[in-house]
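Quick one: structure below, then a few questions.
Letters A, B, C and D mark the chains in the order given here, with residues in each chain numbered from 1 onward.
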Amino acid sequence: CDATVQIQFVEDKQEFSRFPTKTGRRSLSRSISQSSTDSYSSAASYTDSSDDETSPRDKTQVNSKGGTDFCVKNIKQAEFGRREIEIAEQDMSALISLRKRAQSEKPLAGAKIVGCTHITAQTAVLIETLVALGAQCRWTACNIYSTQNEVAAALTETGVAVFAWKGESEDDFWWCIDRCVTTEGWQPNMILDDGGDLTHWMYKKYPNVFKKIRGIVEESVTGVHRLYQLSKAGKLCVPAMNVNDSVTKQKFDNLYCCRESILDGLKRTTDVMFGGKQVVVCGYGEVGKGCCAALKALGAIVYVTEIDPICALQACMDGFRVVKLNEVIRLVDIIITCTGNKNVVTRDQLDRMKNGSIVCNMGHSNTEIDVASLRTPELTWERVRSQVDHVIWPDGKRVILLAEGRLLNLSCSTVPTFVLSITATTQALALIELYNAPEGRYKQDVYLLPKKMDEYVASLHLATFDAHLTELSDEQAKYLGLNKNGPFKPNYYRYKPRS
Amino acid sequence: CDATVQIQFVEDKQEFSRFPTKTGRRSLSRSISQSSTDSYSSAASYTDSSDDETSPRDKTQVNSKGGTDFCVKNIKQAEFGRREIEIAEQDMSALISLRKRAQSEKPLAGAKIVGCTHITAQTAVLIETLVALGAQCRWTACNIYSTQNEVAAALTETGVAVFAWKGESEDDFWWCIDRCVTTEGWQPNMILDDGGDLTHWMYKKYPNVFKKIRGIVEESVTGVHRLYQLSKAGKLCVPAMNVNDSVTKQKFDNLYCCRESILDGLKRTTDVMFGGKQVVVCGYGEVGKGCCAALKALGAIVYVTEIDPICALQACMDGFRVVKLNEVIRLVDIIITCTGNKNVVTRDQLDRMKNGSIVCNMGHSNTEIDVASLRTPELTWERVRSQVDHVIWPDGKRVILLAEGRLLNLSCSTVPTFVLSITATTQALALIELYNAPEGRYKQDVYLLPKKMDEYVASLHLATFDAHLTELSDEQAKYLGLNKNGPFKPNYYRYKPRS
Amino acid sequence: CDATVQIQFVEDKQEFSRFPTKTGRRSLSRSISQSSTDSYSSAASYTDSSDDETSPRDKTQVNSKGGTDFCVKNIKQAEFGRREIEIAEQDMSALISLRKRAQSEKPLAGAKIVGCTHITAQTAVLIETLVALGAQCRWTACNIYSTQNEVAAALTETGVAVFAWKGESEDDFWWCIDRCVTTEGWQPNMILDDGGDLTHWMYKKYPNVFKKIRGIVEESVTGVHRLYQLSKAGKLCVPAMNVNDSVTKQKFDNLYCCRESILDGLKRTTDVMFGGKQVVVCGYGEVGKGCCAALKALGAIVYVTEIDPICALQACMDGFRVVKLNEVIRLVDIIITCTGNKNVVTRDQLDRMKNGSIVCNMGHSNTEIDVASLRTPELTWERVRSQVDHVIWPDGKRVILLAEGRLLNLSCSTVPTFVLSITATTQALALIELYNAPEGRYKQDVYLLPKKMDEYVASLHLATFDAHLTELSDEQAKYLGLNKNGPFKPNYYRYKPRS
Amino acid sequence: CDATVQIQFVEDKQEFSRFPTKTGRRSLSRSISQSSTDSYSSAASYTDSSDDETSPRDKTQVNSKGGTDFCVKNIKQAEFGRREIEIAEQDMSALISLRKRAQSEKPLAGAKIVGCTHITAQTAVLIETLVALGAQCRWTACNIYSTQNEVAAALTETGVAVFAWKGESEDDFWWCIDRCVTTEGWQPNMILDDGGDLTHWMYKKYPNVFKKIRGIVEESVTGVHRLYQLSKAGKLCVPAMNVNDSVTKQKFDNLYCCRESILDGLKRTTDVMFGGKQVVVCGYGEVGKGCCAALKALGAIVYVTEIDPICALQACMDGFRVVKLNEVIRLVDIIITCTGNKNVVTRDQLDRMKNGSIVCNMGHSNTEIDVASLRTPELTWERVRSQVDHVIWPDGKRVILLAEGRLLNLSCSTVPTFVLSITATTQALALIELYNAPEGRYKQDVYLLPKKMDEYVASLHLATFDAHLTELSDEQAKYLGLNKNGPFKPNYYRYKPRS
C-alpha cells in the first residue's frame, strides 16, 4: 500500500531550525511538487541559448512598465513565457472558470499573498487567477532547478514580483525568499507554500509579520508534516490548511496519474513491450492499484506483494496473485516498488533477477530499491540513456535500473496539466476560504480542506469531460438528509490510502 | 454513490418500543442478511414435501440424545441438514481455521450466547465454531421465512437450542425469541443480533438480564442504527460492536459482490446479451462501481448518473460518460439504480424508455424506482417468470421490471458462501473480543471492529486464494513506525462508501 | 484452439444410409442447434400440465380455420404460443426488418420450402418471415425433445403444416419428416435443414423429388459435413449452401456467446465467486478466447493450455500464462475445456485436483473430459442439483462436474435471442439467394454464403445497437477499389477459427 | 478496418522500370520496415559528432583484418556498434536459439545472400545468424536515412560486406546496391529484400545473375505487390516468398504493436491524460482494435466509425458505439485514423473540432487526414515540438496535429525489439526453406510462408514468455487428424485483416 501518509520520518532528524539541504529533503513526498527538476522532460524549452552567465542578482532589469521589483533570468523572454501560459490555460479551464465566476466579487481583495512554489506555466495560471480575484502577489521558487525562466519573465511583466530563476545557488534560494517577503510598505497576510521553507523563514526571521498572517496553505507532505510538528509543539500561531490530503488531489496524484505514468515511464526509458511480460508490483495501495490496472490492461501478467491482508485480499479479488517477492524473483521481467517502505528489493534479490529484467520505483523517495548495494566493484554500471543504467554482473547478466531508484513517474514521464489544475484550484479555494472565513472558524491549527470545497474543485473539473451532474429534488434531499448543493460526504470523511 | 450509510431514516418513524412489522422494516439495508427469503433461489431444497401442517409449537419432538429444549419443523431432517453444513464448511475454511487455531484455548469458555440471525448452513458453521470455542448457544431466526429447516434440525441434534422454522407467524417470531432468551438455570451473557429485534426484546422485557450482558455484536444497518439511537439517548448500558462497517465486510458486500451479481441477476431473469447493450447506472458508489466494471468488461456501453462531483469525476476517469438520466433515457437498454435514494427513476422517465428495455435496482430497498407509479389502469402487468414482470403500455411497448424494484442481487441471484464466511468470521472475532476484553476497554457505547481484527479476518481468507503475505523486517517495521503484525491501518480508518 | 472445423470425424463411421440414432450423433457440433433439449432451462414453459398422454399421431385435431394438415401436441395452446412468438419478435428486429423490406417484392413467391429445425419461438419468427416473403412452408423438428409445443400449435393456426412435438419417439421422428415432405399436390423445391436428416431422407426415399430441389440450406457442422461427403462422392445433385461458416454466425456462436455463457453457466450451477479464482482454460481458439476474456475481467487468474504455438503466443500477448495442465492441476479452482479434442482432462489429472474444484466443458461434445474414467466403484457420485454432480474420492475430496462433461453453455445457460436472430436471418437470405440465383451461378456443390450477404446480415443487426455505418464517398471507393455497397471483404475470405 | 491488404494502389502508377523516388514510395506500407527514419526516436545514438563530412565513397577504410570490401561511414565506430548488437541479442533470443539449433547443420552452407534492408542492430543479429548457418552475406540499406552507422561498422569488422550509411544521396543508394550485387568471383544465389529495389535492380541490370537466384524473400507490402505484378506479367523467373503476410508477423505488426504504440505515441508527443478523454477511432480492423482496446483500458471513452458492417458489429459487441464521424466531431478530444483510406478526416471536419483536440493517423501513409487542406493562409501552423504542430484557426482555436498526418507509431514511438525479432526469424526461416527446398516444391511464383514455419516462428518466441506448449498424444493426434508437430492450421489459412 502507498504508505506516504504513514511514514514516520524516523530518519528525517534534521532540526527544524537548521537550513535544510536542497537535495533529498523533499524526497519523502511523491507529490507532484517534489523533485520537479526531472519532471518536465518532454516540455518544450524556450530558453535562449545565448543567455549570459551573469547572475540575475547582478543584473539590472526593467519591465516594459518601468517596474524593477523582481529578479528573473531574462525579462526579454516574457513573450515566450506568455505563450506557454496561454497554452497551459487551455488545459486549466477549471481555474479559468473559477477566475471568471469570482472576478466581479474579488474575494481576495486586500489579500497580500506571498508564495513559494515551482514556477511553471501552470503556476502562472494560478497566480494570475489570484490577482484577478483581487490579491497582490509576490512569488519565489521552492526548488532551485524547476523555474521556467520565460514564465517568470512573463509574470514579472504583468506586475507580479517574482524572484526566481533556474539554477539558483542555495544562497540565492534564501535571498529570493527574503526579497519576496519583505519590501517597503507591504506586509504579506497570506502564505502559499510548497515544502514549508517560506513558512519556516518567516516564522524564524519575521515572527511579528508571521503572527499577523491570516492563513497558510501548504501542499506538500513535507510541509504539512512540519506544520503538524509546529502545531504539536504549540508554536503554530496561524491557521493552516493542508491541501495535500484533499480527496480529489490524492486520487489524481496517486491512482489515476500512476495508472498512466507507469506505462509512459517504462516505455520512454526502455521501449519495453508490455504484452506477456511478467511483472511484480510491490504494494497494492492507490499507487500499486494504478500500476497493476494499467499493466494488466495491456497484457502483462502481474503479481502483487503486500504486507497488509486487507490490501492483499483486494489484490486477489482484482485478479492478481499475491506472492512473496522471493517466489517470483527469478521469473519476472519487471519489478515495480510502490510501498513507501525501504529496502523492498535487496541486493540478494537483485542478484537473482533475470538477465534483461527491469527494476524501478513508483513509491517513495529513493529508498525502496537498495540501490546503494549495487555500487560494488564487481558490478559494472553502464549509462545507456538518460535515467537508464545497465548494471552488469560478472557473468554478463544485465539488470536495467531506472532513474537510479528514484521516482519513475517524476523522473521519466510527465505530469498532465489536468492534474496540476486540480492542485492549483484547490490552493486557490483554500486561500479564499482562509481569507474570508469568519472570526473563529479556524483556530491556530492545521485543517483539512472542507469537504464542500473538495467537491467544488471536482465539480469545476467536470466540464473538461462534458459531464453533467444530477441535482437532488427537494424531496430527495430531504429523504437523504442532505443539502441539495452538498457536501455529499461528511467532513470527517478523509482520503485514506489503504482501501 | 451507495448511500445506505448516510440514510437519515426520516421516514422510519416507528417508535422503538413498538413491535415493528416484519415486512419492510429491514428493507433499508442492502446487507446480505436482509430480505433473505428471496436470496436462495438456486440452493438445493431438501424440505420433505410430506411435511405436515402442524405448527412446530404444537409438536413434541425429541432429539437422538433425548433432548427437548428446542423447537424446529422436523427433527428427522437433521441428516440432510448435516450434509448441507458439511458442504458449506468446504467454502468457509477461514472460519474452520479459526476454529482449529482457538479450539484448545477455548476463548469463549463460559460465554452464554443468544443469537438471532438467518438460520442457514453458513450460520450453522458459525454457531458450531462458537460452540467449539467454548460457548453455549441458543438461537432463533431474524426472519420468518429464511430458516433452512433441515439445518435447524441438524443444529438441534448437536445440542444447540434452536427455536425457528420457515414460515413463522409474527406471534411465533416473538415466541421463539422469548423461548431462546429464557430458560431455567441459564442466563445469556452475550448477544449476537441481526436487525436488533432480540436486543430490543431483552432491553424491554428482561432489563435486569440485559444489564448483565457483556457485549452485543450487531451486523445489520438497521440494528446498528437502533444501537446508535439507544446510545444517543443514554440508554445503552452494554458495549456493542458494529460489525457492519468493517472494511472487509463492506468491500465484499458492495464492490466485489455486486460486480458479480449484477451479471448473474440480469442473466437469470432475462437471458439478455450484455455485448453492445447501452446501460445507465444511477450512482457511482461502491455498488455502482461494481456494476459498471462488470458490464463494461462484458462489452456493454455504460453511462453513469451522479449527484456528487467527486464520484462523478471518478466515473469520468474510469471511462464512463456522466449524464443526466433524461439525456439517455430514450437510448438505453437497461437502467440500474444504485443510489440509496428514492424516485431516481420516475414514471415520466419510464414512459420514455424503449420497448424491451429493462429496469432494476441494486441499491436501496425498493424506493429507487417509482414502481407504485406503474400500477395504473392503462398499464398492463404480465408476470413472465418469477421476479420478472412485463409492464405493457397502451401502444404495446413493454418495459421489463425485475423483482418489482426490490434488490436484484438478493432477489434474483445468490450470495457466494465466501462472502458469508467473511461476515461470520467477523462476528466470531467480535464476540471473542468483547467477551475477553479487559475491564474498561469498552464502555457503554457502539464500537467499530478494531482494525487489527478486520485485518485478521482478511488474513484468514487469504488461504482460499493461496495468497502469501510479505512480512516486515524489524528494520522496515521501525522505519514505518508499525508493529510487524499490524494493524497496518490506524484504527480511525473506517470504510467510507463514497470514494 | 477451437477445433470443430478441423475435426476429422474419424470415429463417426456410421454409414450414411443407416438411420442415425438420435442421441450423440449431433454431439460433434457446438452449434446452437445441437443438444437443445438442455438449452432452454430458463425459458418459460407454458405446457399445460393436464395434457393427456395420447400420442399426437392418434389424435384428430382441427385448427380454427378447419385445417387438419398438421400434427402437434395440442392445438389449444396456440394462443400461448403466439405470445411467445411476439416476445421473440421484439429481439429479432433484423428479421422483422428483412420481412418488411422484402414483403412487397415477395422474393420467395413460388418457393415451397420444407424445413427441419428446432421448433422454437425464434424459428417461428423465421418461418413466418419466409411465408411473408411468398413461400409455402412445411416443417418438422430436427430433435425429438426441443419442440416448444405451444409454438408448434401457433404456427399451425396460421396455416403452416407443422409435424412435431416434444418427446417424439424415433419412429415418430421419421414419420414426421415423411409427412412433411409428401402431401398430395405439393412438391418441395427448397430445403432448410439442420443436421442433414431431412436431406438424407429425401435423397434416399424420394430421389426424384430431391433432384428437382433448387437449393439446400444447411446450418449445422454435422449436416455440412454430410453434404461435403455427398459432394465428394459425386452424389450431390443440388446446390447447397453452408451457412454454418458465415463470419457473423461463427463470431456470435463462439467468441461473443461464450464470453457471456461461461459466466452464466458457472454461476447458475455452482454460485461460485469468480474474483480471485484460479482457472485453467484448455484451448485458446475463439471459444477459449471468450472464456478467458470474461473470467479475467471478473477478477479470475487465468492460465491457458495450447498445442498450437500461434494461439499460445496470442494468449501470452493477451496476458495469460501458457502452461501444461499438469503444472497447475493441483492449484486451480476451475478447469474449462475448449479444445475440440478428446481426453484433455484425464482421470489421473482429476485425481490430483483440489477439493471443491470445478471441471466443465465448453468445447466439443462430451469427449474433452474423460468422464467415463470417473465411473469407478471407489468414487461416489452425488447429484446435488440438475446438471451438477459431486464426484467424491475415498478421502472425502469432492470435484464438481458440470453437465457430466457435456457442453456447459448449452446445458446450463441460455442462448440470447439475438444470436438466434443472426442465424435465422442468414438462413432466410441463403434461401432467397439460392431460389433467385440466375441459372449457372450455383452448380451441384456446397457453397459458402456470399460475403456480401454475410455483410448484409451484419448490417441488419446494427440497428439493435443504434450503430451508424459510414458510407464511402465515390472518391474513396475508387481509391480502395471497392464497391460503395460492399462486399468489403473478398469472397474467399472465410472465418478461420484459429487466429 | 486495416486496409493495407486491400489497397488497390490505383494511384501508384509508377512504372516498374523507372527509378522510384525515395520519398513516399514506401509510404503505402505500415510495415515496420517503412519510413524508418522517424522510428528510432528514443534509441541511443552513438554517432561521433566529430565525424567528418567526407563521403564514405571517397574514403579508404580498412578493417582490423585488413579487409576493404565494404563502404561505411566510419569503421572506428565498430566497437560501439558491437555493443548495440549485443544488447539487441538479449531481446532476440528466438533468433539466437535458431542460430544455436541449426549451427552444426549449416543449412545455409553455400548460400550467397545479398540483402537490402534497414541496417540496425536487430538486422545485424539476423545477418550474423545467417552467417552462422553457413551463408556468405553482402548487404545494403533499403532506406537512405535508417542506417545505424556504428552497426554497419561492426558488421564490416566481422567480414560482412556492407555498403550503407546514414544520409545517402539517391545516387549513393543505387551505387551501394550495385556494389553489393557484384564483386569479382562472387555471384549471389539468394535475395533478401525489403521494398523490392534490390530485386528490381538485379532483374533489370543483371538478368543473367537474376535467373540463377534460388529464391527471393520479401517482407514489405510494396515489395510483395511488385512481385505479384511481375508474376502476373509472367516475368518472375524465380520463386519468391512473401513473408509480410505470415500470421505471426501481421498480428504483431498490427494488433499487438498498435495496442501499445498508440498510447506511447500520444503520450510522448502531447502528454495527454487518457482518463475520461473522448476518442473516435476511424476503422475497426486489427489496427483499430488495438487502439480501441488500449484507450478503453486506460479510461478513455471510445467511439468507432466503420464502413464494413461486420467490423461494425464487432465494435458493438466489444463495447464501442459505432457512429458517423460527424455525429461526434464536435465532442471528441482525439481523432485517430486506422482505415487505409484517404480523406477520412476532411477540412470541414477539422473546422468543427474542439479547441485543443488532437488528430493523428495510425493507418495508412499520410492520406487519411486531409492535411493539405490545412495549409491555407487563414490558418497558422506552430511547431511546438518535434512531430507536433498546433494548427491555429482565426478565432484562436488550436488543433494539435501529430506527425503531419504520417504514421504516429513509426514517427513518434518505437518498435519493440521483440516485434523485429519475429520478422527477422521469419526471414531467416524463409531463406532456409527456399534454399533447401527439393526441386519442384516452389515454382516461379510468389508463396506464403508454409504454415508449419509460421508456427515454428511462434514457437521459438514462446520461450521469452516462459510459455509451455502442450503436446498431442498419439491418440489425440489421430482423433484430430493432425500431425503431432503441426501444422495445426491448414496451409490455406491466411491472415485476414478484417475479422
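Observations on the model:
Note that a residue touches a chain if its C-beta (ideal position, glycine included) is under 8 Å from a C-beta of that chain, and two chains touch if they have at least 3 such contacts.
Composition by chain, UniProt nomenclature: A, B, C, D = Adenosylhomocysteinase.
These numbers were taken from a predicted model, which means no experiment stands behind them.
Any chain touching subunit A that also touches subunit D appears here: B, C. Centre-to-centre, using mean CA coordinates, subunit B is 58 Å away from subunit D. Remark: subunit C and subunit D have CA centroids separated by 42 Å (rounded to whole angstrom). Residues of subunit D in contact with at least two other chains: 256, 275-276, 298-299, 316-317, 321, 465-466. Taken as a graph of touching chains, this assembly is complete, with every chain in contact with every other.
Residues of subunit B that touch subunit D in their complex: 275-276, 296, 298-301, 316-321.
Subunit A contributes residues 1, 3, 6-8, 10-11, 247-248, 251, 256, 305-317, 321-325, 327, 340-344, 454-456, 458-459, 461-462, 465-473, 475-476, 478-482, 486, 488-489, 493, 495-496, 498-499 to its touches with subunit B in the complex. Within the complex, the subunit D residues that touch subunit A are 42-44, 87, 90-91, 256, 259-260, 263-264, 267-268, 271-276, 278, 294, 297-299, 331, 355-356, 384-385, 398, 413-419, 464-466.
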